[in-house]
Amino acid sequence: MLATRGLTWRIGEVAIVDNVYLDLTPGEFLGVIGPNGAGKTSLFNLITGLRRATEGRITLDGRDIGALPPHRRARLGLGRTFQASSVFGSLSVRENVRLAVQAHRGGSMALWRRAAADREVAAAADAALDRVGLAHRGTALAGTLAHGEKRKLEIALLLAGEPRVMLLDEPMAGVSAEDIPELVAVIKSLTGDSDRAVLMVEHHMDVILELANRIAVMHHGALLACDTPETVMANPTVQEAYLGESL
Amino acid sequence: MGTVILLALTGLGLAALYFLVASGLSLVFGLADVLNFAHGLFLGVGAYGTWWAAGNLPGAGPDGFGFVLAVAFGVAAGTLVAILVELVLIRPLYSRTIEQVLVTVGLSLAGVALLQATWGADARPFPRPDWTRQVTGILGAQVPNGGLLLIIAAVLVLGAILAFLRWTRYGLVIRAGVENREMVTALGIDVRKAFTLVFAIGGAAAALAGALGGVYFGTVSPGQGGSLLIFAFIVVVIGGMGSVVGSAYAAVVVGLVQQFVNYYGTSGLGDICVVGLLAVVLLLRPQGIAGKVATA
Amino acid sequence: MEPILSVTDLSVRISGLHILQGVSFTVAPTGVTVLLGRNGVGKTTTLRAILGLTPPAGEVRGTIRMGAQSLLSRPTHRLVRGGLGYVPEDRDVFAGLTVAENLRLAERRGTTPAYDKVFALFPELDRRGRQRAGSLSGGQQQMLAIGRVLLNDNRLLLVDEPTKGLAPKVVTEVAEVLERVAESVPVLLVEQNLAVVRRLAKDAVVLAAGKVAWTGDAGELLLETALTKSLLGVGSAEVAH
Amino acid sequence: MTLLNVTPAPAPTASKPGRLHRVRPFLPLVALVVLAILPYSTITLPGIFEGPVNSPGTLQLLAICLIFGGLAAGYDLLFGRTGMLSFGHALYFAAGVYGTDVLVTRAGLPLWQAALLTVTGGTILAALLGAVALRTVGIAFAMVTLAFAQVGAILVARDFGGLTGGEEGLPLDVSGLPAGLVGVTNTVNLYWLALAYLTLVVFVVHRVSGSPTGRVLAGLRDDERRIGVLGLDPYRYKLVAFTLAGGLASAGGVVYVLIVGGASPHITSSELTLSLLVMVVLGGPGTRWGPVLGGVLYMYLDHRLTAFGTSDAVDNLPAVLSRPLSQPLFVLGTVFILAVYFFPGGLASLSSRLTPLARSLRPRPPH
Amino acid sequence: ATACGSPQDTATGGGDSAAPVKVGLVYSQSGALASYGKQYIEGFKAGLDFATQGTGKVGDRKIELTEVDDAGDPAKAVSAAKDLIGKGTKIIAGSTASGVALQVAPIAAQNKVLFISGPAATDAVTGANKYTFRSGRQSYQDVVTAKSFIGDPTGKKVVVFAQDGAFGDANEAAVKTVIGGAGATVSSVRAPASATEFTPFASQIKTAKPDLLFVAWAGTTAPAMWQTLDQQGVLSSTTVVTGLDIRASWPTFGAAGAKISFLSHYFDGASDTEASKALKAKVSTLDLFHPDGFAAAQMVVRAVQEGGDDVDKMVTSLEGWSFDGVKGKMTIRAADHALLQPMFQAKLTGSGTAFTATAQKSLTGDETAPPAVAMKG
């Protein structure tokens, strides 16, 4: 489905993302781990088009998308969340999600239609909010949400777009312990579909282990390993460079 | 040859004037993130301060040490006004950038009107030493001394500002303060003082530009600051927001382009070229010549 | 023992929302006191109120004392100079400044900054001195944010979710750092990672809906399944996990 | 003040929610009707207007105020609703003014053709320049738009081919105009025209910001990157907003040239854009009525302060006061600064700020 | 109680033979031209006194002045004019700025009221329409005066140095017709009005080696311009002619002042007429635009005397009328309402802030008459 071939991003001499070969098959859930600064977020930025790769190719369903701007890639079914929550602060939570639904439904340049009158959009948005458990916050301005709530809104925005390939950048960071299982369930439900795939960066190992069928390990921009969870967890380099001794 | 030298040197004089105006603007804009439309007011205060002192302040006059004293008085007045403006008007609006800009717009309207109400709309002859009206022969070109004076002053101001930024902590504090004022406070730094200081320096630079501009123009009038401001803005932007060195480069480019195009092309083309230059620079390098790449 | 910090009947309103409704607790003069609670209960708001960083539209009532001194209505920079260190939730490093500049900014006048200590903990920061902080990875930014306060001697540290977004190995390291720091300086810590809490916390304060739901010994809290279940929504088995 | 009375307050006080709620949607309509029949009233408002409401002078002043109310509302589409800070909006207004004037006066076209051509031309100009300027963002965008507007100002001042009249401006040749638009007695028609323009702009801006596209624009204001990742092209949407706002501004120029009877280079200056910004902020960016109120009030002050400055009340003050006060710009600047301070959210936020006050003043019924 | 009326009501003026005559004065009280406006109004009041023998009345009817500030903005002036007309004013005078005069003139014609433009120098006001008159001089008259400095122009080389825009265009065109038409070759150097550095232009002028340099420059950058011309040796190498501006500007010429030949519309001491004495009794130091206000008042009084409330009669009474103004004999040319008036050649002497102008020669109204244009409306 999604594949990168020799993907590289350099700043000056330093390769932030270094010759990455990655294949994501439909129905797959690929966890990405790696020390801070390994280049995980940068990899996401390359795939979604926020940064241009210096070398290598990215294909989606066999089509080369490396030269497309972010919005074209999104239209092809690529969706992501951001590590540092980026929601529309001056819009209400509900409007945030409606915007995402609307973008998914074609984002036509309708200047005259009343947006609020679109029942289908509203219903889809409310459904997405419901799934992440934010329905009760619908009227709050997104900018005033507490940190964890913003994380959930991020996921709702992603859900609204019904992307086929989802890139989640540390969805659990800052989410309170109580809510983690709930969010895990939400994310799990995303993946039941066999024609969807998920790429998720996460530092909560238990979450990764619960969700991922495969784990990729990044280190200094390069892909160190990409294998089943068991194999990866047993890898001594991973143990040493990433996990350390567990608390 | 003589023409080229003459045009180059007078172009540099013009560049120096632009730089003097732009340096303070750039400092305040780059460090305090305030697009200061009231800069023209500080300029006017500096010019009128000098003019007033030369006529009324004991010991001050249009010549020699008296002139230095008069300029010093003008610069002091401009600085004082800048400090007051920061304390009273800008400070309470911190982190509301648009409102700050708007206050400076209001101030530029009110301030210029106030100058006009006090000293009238007409241009007044500016007191200045006689040698500034003369010319110096350089390689066959009759270069006005006033322009040379501007060049020297601009170089000194550039040096002083760079030294300030490099050798004091304030530059750092202010740059950080623009990004996240709260966090600077949370590091135990009284960021307000630093901002006042920036305004003071910006005001002083502007007032000096006003005083020397008076020497250069030979007159002082309420609207003078405003008319220089638009080119100063262009210089600041071409140079890269907040980069004083960038402003210096940009000023030289703008001054020379204007001068040469006005001579070899048709009149008014110089201005259009400068504006075109601005558009081109921004489209190719939105951060300006020396600006840093801003990323999220 | 006299508490280093005591918060009494703190209530915060921001634009009509009553976010904190009479919160009272104390912070012991040694060790880590942890502030727990679900997302949005007001943990960050509490820390910011202590530091005087409530937004201008907000309204703060109650008393906050550090020793004999009342903190409310004193400017933030004074409080910090008086030895109150803050690691904010969103890291808030200065994106446009380099790492070295970020650190230099945190130096306090009249003291020698403990660069050795910081670089020994986070060698990354030394290596990346000239990189713009905005281009650091999330975890590196977190290191910088913590490193910043450790440059100086503090009387009390307010630390808001320091392990958020850190690799497990670094989480362990940060926990160790905080443990060591806590030997000399008391810490008020907001943390979601219960493993970290278990390792560090001596006392715990649990917030729920803008009020204090529980205070007491952290070990006790985490051991009692019923308590953790009702307060934090997780069983102690998960806590131990 | 009348102007404030006739325009609905954005958020009526919560005193009688039940009744007001039902009436509220109709308030704009009521206001429109009141404004439309205003010229039939002969009320005099001493101190506020020079003559009775239906006198040509008053109607002229009101017409100019309404035009600027509309312009500010159109500018708000860029600034308040999309978050684009343009310093060159005056250019499109000026294109409307000079376009109509030149086509009517120099080319002798009938008004409707000139107006149509001008609005089309102004819109295309905005689309073209926007397409270039929008390749930059933030302050760079502001400066590029400023630069384009500056070129416009230079071209007008240079008076190429004697087309624009340079600094002296170009009086409108009224000989070919419909008789109803000429002469002092017909000022009321110009007033209605201005009112129609304002209504049009408010309606368009309201519809657009409530449309799906408007939602995207609001999203752009907050986070452009996110909009891209959602699958929407930020550039396209910004260009649409820019073009639309430019078109509305040039339409305003068409009406303005009829009201004032000519073009003068004042309107090409960057100060005009700045005043638009001032109007929007004065009124409250991103609100429905704020920019309109701001525009109306600003223009009202701008015109009336000259009279205030020369009034006896001011002349009788001691010189320290009367000298500055007789400078309209001084008063305007000062009023403006005070407004930024005391109505931070603009006039539109005034009613919500006054509500608690009103409530606390009202005696509470015993329980 | 809402009083109702028709939206097209306007007050009807006078009719009553004892009712006061309303005269609206729309001019710059603030803004960049405020000091021109001040001279104008001082002149006007003195002129009114002079023409009504101190009574302020024409016959039994009092002249009631309404002063409105236009701040140099045509839009404000138009609003003010409409307001005045709506209130029944039949005579409007003022217009300090050319842009204002040009836009108020059509309003006067559309509404059939008398309009007497003030200091605005643009030639375009002359012949603008039947209802528009002028009480000041026009650019063309300046140029004709300039021509008197070079004797026989045949074969001479003349350069015009002017700023971009309508003011510069008008001057350049006038020089081409007046001096070029008389046999000189005319070329021009133009500079943006906003220019602050004049060396390139000075160099261009110098290379052209003209016999006469005519400078048309208005605005605050003039002193810098003169200084540059002086420094680059232009002033000492040729005859330089320019218009003498208001008194306050004289010191800004500095040393260059002595090297320039001035043409002058008016300055204190240029004339010694009855009117100038009357004016001087009210205003201690006369200046450039005092005569314009004075003449405007004289014209207003004449119009009221002869025309009463009938504007068309006012117009006919003014057309062709000659009177003794401050400057000397003034004649309103019937064909296009140009105001024929004496002009002066002057020299500036002095230093520091004390300068005096002395008249070298005066030219009569006929000598400086602009060519008649067709009435446009």
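In this document, chain identifiers A, B, C, D and E correspond to the written order of the chains, with residue numbering beginning at 1 in each.
The rule is short, and it goes like this: a residue touches a chain if its C-beta (ideal position, glycine included) is under 8 Å from a C-beta of that chain, and two chains touch if they have at least 3 such contacts.
Everything numeric here is computed off the predicted structure, so don't read it as measured data.
Student: Moving only between chains that touch, what is the shortest number of steps from chain B to chain E?
Tutor: So the least number of steps between the two chains is 1.
Student: Return the chain whose centre of C-alpha atoms lies at maximal distance from the corresponding centre of chain A.
Tutor: Farthest from chain A by mean C-alpha position: E.
Student: Any idea how many Å lie between the Cα centroids of chain A and chain B?
Tutor: It comes to 48 Å between the two C-alpha centres.
Student: What is the distance in Å between the mean C-alpha positions of chain C and chain E?
Tutor: Roughly 76 Å, centre to centre.
Student: Averaging over Cα atoms per chain, report the distance between chain A and chain E in Å.
Tutor: 74
Student: Could you say which residues in chain D touch two or more other chains, in rising order?
Tutor: In chain D, 154, 158, 225, 326-329 touch at least two other chains.
Student: Hey, what residues on chain B touch two or more of the other chains?
Tutor: Expected reply: 113, 116, 268, 271, 296.
Student: Give the residues of chain A touching no fewer than two other chains, as numbers and ranges.
Tutor: none
Student: Among the chains present, which pairs are found to touch?
Tutor: A-C, A-D, B-C, B-D, B-E, D-E
Student: Contact residues on chain A for chain C in the complex?
Tutor: For chain A paired with chain C, touching residues are 33-41, 83-84, 144-149, 151, 170, 173-179, 203, 205-206, 241-247.
Student: Touching chain E in the complex: which residues of chain D?
Tutor: 39-43, 50-52, 54-61, 64, 154, 157-159, 162, 165-175, 182-188, 260-262, 264-266, 303, 306-307, 309-310, 326-329
Student: Once bound in the complex, which stretches of chain A touch chain D?
Tutor: Its residues touching chain D are 48-50, 69-72, 74-75, 79-80, 82, 86-91, 95-96, 98-100, 102-104, 107-116, 118, 143, 157, 161.
Student: Using the touch definition up top, name the residues of chain D that touch chain B in the complex.
Tutor: Against chain B, the touching part of chain D is residues 85, 132, 135-140, 143-144, 146-148, 150-151, 154, 158, 225, 270, 274, 277-278, 281, 323-324, 326-334, 336-337, 340-341, 344.
Student: Can you list the chain B residues touching chain C in their complex?
Tutor: So the residues of chain B touching chain C come out as 169, 172-173, 175-176, 179-180, 182-191, 292, 294-296.
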